[in-house]
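Some structures are shown below for you to check.
The following pair of complexes shares a single chain, chain A, combined with chain B in the former and chain C in the latter.
Then we have the complex of A and B:
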């Protein structure tokens, strides 16, 4: 009876990490072409203090409210990065590195305080660091699925707009697409995806869910649409499979297994990917070499080895 | 009486501390091809970007057909510098040209078959139809430039801004582009081109705008394309070398 219940719970959790992976894979492609992979890492770390502060204020673990707190502090982090970069001589990567570590440091410090408060250590707030999908209850799952579905919808409905925005923003602006609007929308979907994922995957590894599927997809296609679809599929598979593996042992964190799954897919893509995969490239080179050697032999009329 | 398409009035713009445009004023008449020439850093690209609202202006006013850019933008086509985008982006030539139609297709709608045909026709005009499904990363520089031109043609605009369309392209691409520009002109369209090769100015353009932070001269090529104007625009560190009919500018200091 109990194992059956656990089983149903696992299916629920797997479904939610799968849809999270799909959303993260899609938005990861946008981040990839916006050249902002490190940004997603900075934002997920910056979400931690918001989670803890929200918990300290409401004194209970309501995922939606914690997610709102996380979003606010991630946005604050994004604002700092933007502000440092534009108002000072600090470069963007420096600003991101600083924001990431300072926000994370503050988050861990607040976490220590929250854990000392009554009921704090049972709250499962520590799960936000490494991720524990199994700790999610039904309402958490629903919150996550609904928000992820909205993100996926926004990515696919504005598909052609994303493409234009990422490829040629100046031209896009010239024909009337609001670049500021697109930037705001991009930041909203990025932050939403990050904050709904941090409970399951953890703030440290969340960025990997955005980055790894998109670079893996890059090795299989030359079409933006296919890249987003593939990246989403890879994200979804990694999410579900990683969750399933972590559910086989008690207390295994979810995040690392999801990341390892997508890393395995990346390794396969890197070597065997149809577009510029290492093995394929080597085979193509060898074939070209052979055919041009044959050409040479025909041209010169000699059967000897060239080179 | 030919009406004026563009009115620029006392336009100024800057990058951080450096003022790159200073009280720029000029008018452009319908059906003309104007070359914007000037040394590096003269603010040629900035002028175009500021006129199109892509760069903030400090002062001044720009109007198209006596109305602001916002209401006129549907009739304006823009060809950015080829280097301004990432050609590794996963898409093909036809898709990039279709982007020229996005404004007409409407937001959140999928391009129809008809739109793809229009894009294909634009590619054909640039002699690029056999490259329609080629990855843009695999196109040569000249081919990429043709794709950008085709995208602008697909826009079917009345007024075109082109930022160095002839920079770093081979002779056949230059010819193809100039043929299209002349065709645009004969169809009554107006074209402004940022240009860097002084030698070809008299052959290609009927109007010239000399720009170096401010306007040094502007008018019909026959009248204003003179040694004096070139010398003053390009400044004191430039030496004028006349080789017969050719216009060659050499810098005395590097």
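Then we have the complex of A and C:
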């Protein structure tokens, strides 16, 4: 097991999933407060046709170009969701469900065509659906790490602006911050994180990397800053630990182990979390009960004396 | 009957039952629940396989129903613990799906069950596994199963039509009238799971989600009457199956993917042209009328 850990390729992949986890944890907090948890799921599905179209155009597997294709198609998906909800009486979750399934269907159609083209079958395009971090080569890792680092940088450098944007948009407008600009930046950062993550953990599980760390972090703090930090740490730990577990056996998928690691952290937070954890709430409830019982006794005691 | 007729018939059955169920999914604002259940059903199928060691219809159905109800239950529990509803769905379905994928890749590792097949579906092979039914002759197994599911869905919708209507539109009123709202929630989730599992093997998870949500959403823009919406939604489902098959043969590509695209096209045309809620009618409608309608 230790020799496995020291294997140079494993270290590379672990580093990249860890950075991915940190970026996803941070941006997940923004999505959490924008109440768009499932948006990540819709957008990661919507990225598939873009990946395949990019591949059909350039005829080789260059991660950066595929990521650009994925980002464009995910942005198109985001635009459709926005359009359907604002221009008709379709609700947001219906629009998300439609967009994700139809885009994904188109992706599968195109994938069938791409797999027929020479070399298409060996291109590893299927890895984009189910995710196989171990299949990443060094240049992929570098692309991923650079993009993830940019995302992390944007989240932390504009921390104050994000806070205003999420919690007090009116005030933000008042001091001259462009809400529209922030919305565009938010969508771009979200889409970037999703598309670089797809190859490592797959379309379906990418949503978990954005949702679970932020919800878990919510159980430990009330401060937005701490929540982002904690969520990033949880994401990073899940990424690294999940990759390590999946590298101990042959043919074990990476994404699911990352997701289960963060799900375990969520379960711990749900029970033992400092803020509103089940155990804490139970103890508070019991204390309340006891103090009110005491009050009752005191009151009846007094009542007795006065008579 | 010919090979392609069987495929179109099977897909149309999927379109019909999903279209009917989808109407209530949309009205109850639980569209994403369909996405969640269509993924967790995988775990149910894997568990059923591990218990019975075979991929058979009844075991799969029971496993899938179990997984669907488990999903609904866990989401409900987390929501009652004050986790936001969409976040709880996101946590539950990804985690259960992850467990399913890990089980497949470790202990099961079987040719009959791979993730890819389950998610994309292989409707192409449907006509090859047939069974004999007296009076009708030999029909594909998946088609027979879907026919049965459609009958079950229609039975429950007709039998509890009034209850569905009230619980979907006004849950508070339903509760005050003494209708067991929670029971109907779980009954509905069971129906969603049954439809999903039966369609799953035939057309794959993604097409199930497309068929559940998109035709119903299109129907929702055409009418304000529940009964009309049910018929329209089912009709759109069948229509997308036929158009989708035609696209797939034309481009020689994935049949379920093309059917998903067809549902999307139908919705988009509706979105533009629908007389009441469409984009164009909004634009051409006189301003005073628009205000009147929105008020």
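Just so we're on the same page, the second predicted complex is superposed on the first by the 289 of 307 C-alpha atoms of A that agree within 3 Å, B and C clash if a C-alpha of one lies under 4 Å from a C-alpha of the other, contacts with A are read in each partner's own complex, and residues count from 1 in each chain.
As a convention for this text, a residue touches a chain if its C-beta (ideal position, glycine included) is under 8 Å from a C-beta of that chain, and two chains touch if they have at least 3 such contacts.
On a predicted model such as this, the values are computed, not experimentally measured, just so you know.
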Who does A:98 touch here: chain B (first), chain C (second), both, or neither?
second
Please indicate which partner A:87 is in contact with in the superposed arrangement: first for chain B, second for chain C, both, or neither.
second
Quick one: is A:158 in contact with chain B, with chain C, with both, or with neither? Answer first, second, both or neither.
first
In the superposed arrangement, does A:278 touch chain B (first), chain C (second), both or neither?
second
Which partner reaches more residues of chain A, chain B or chain C?
C
Given the touch rule stated above, what does A:166 touch, chain B (first), chain C (second), both, or neither?
first
Which parts of chain A are touched by chain B and by chain C alike?
none
For the chain A and chain B complex, residues of the former touching the latter:
33, 157-158, 160-161, 163-164, 166-168, 170-177, 218, 221-224, 226-227
Which positions of chain B touch chain A when the two form their complex?
49, 52-54, 73-74, 76, 78, 80, 84-86, 89-92, 95-96, 99-100, 102-103, 105, 107-111, 135, 137, 151, 155
Interface with chain C, chain A side, in the complex: residues 32, 35, 37-38, 40-41, 84, 87-91, 93-98, 100-102, 104-113, 126, 129-130, 204-205, 207-208, 211-212, 215, 249, 251-253, 255-257, 259-260, 263, 266, 270, 276, 278
Within their complex, chain C touches chain A through residues 26, 29-32, 34-35, 39, 78, 81-84, 86-87, 89-91, 94-95, 97-99, 101-102, 105-106, 115-116, 119-120, 206-207, 209-210, 212-214, 217, 220-221, 248, 251-254, 256-261, 263-264, 267, 271, 277-279, 282
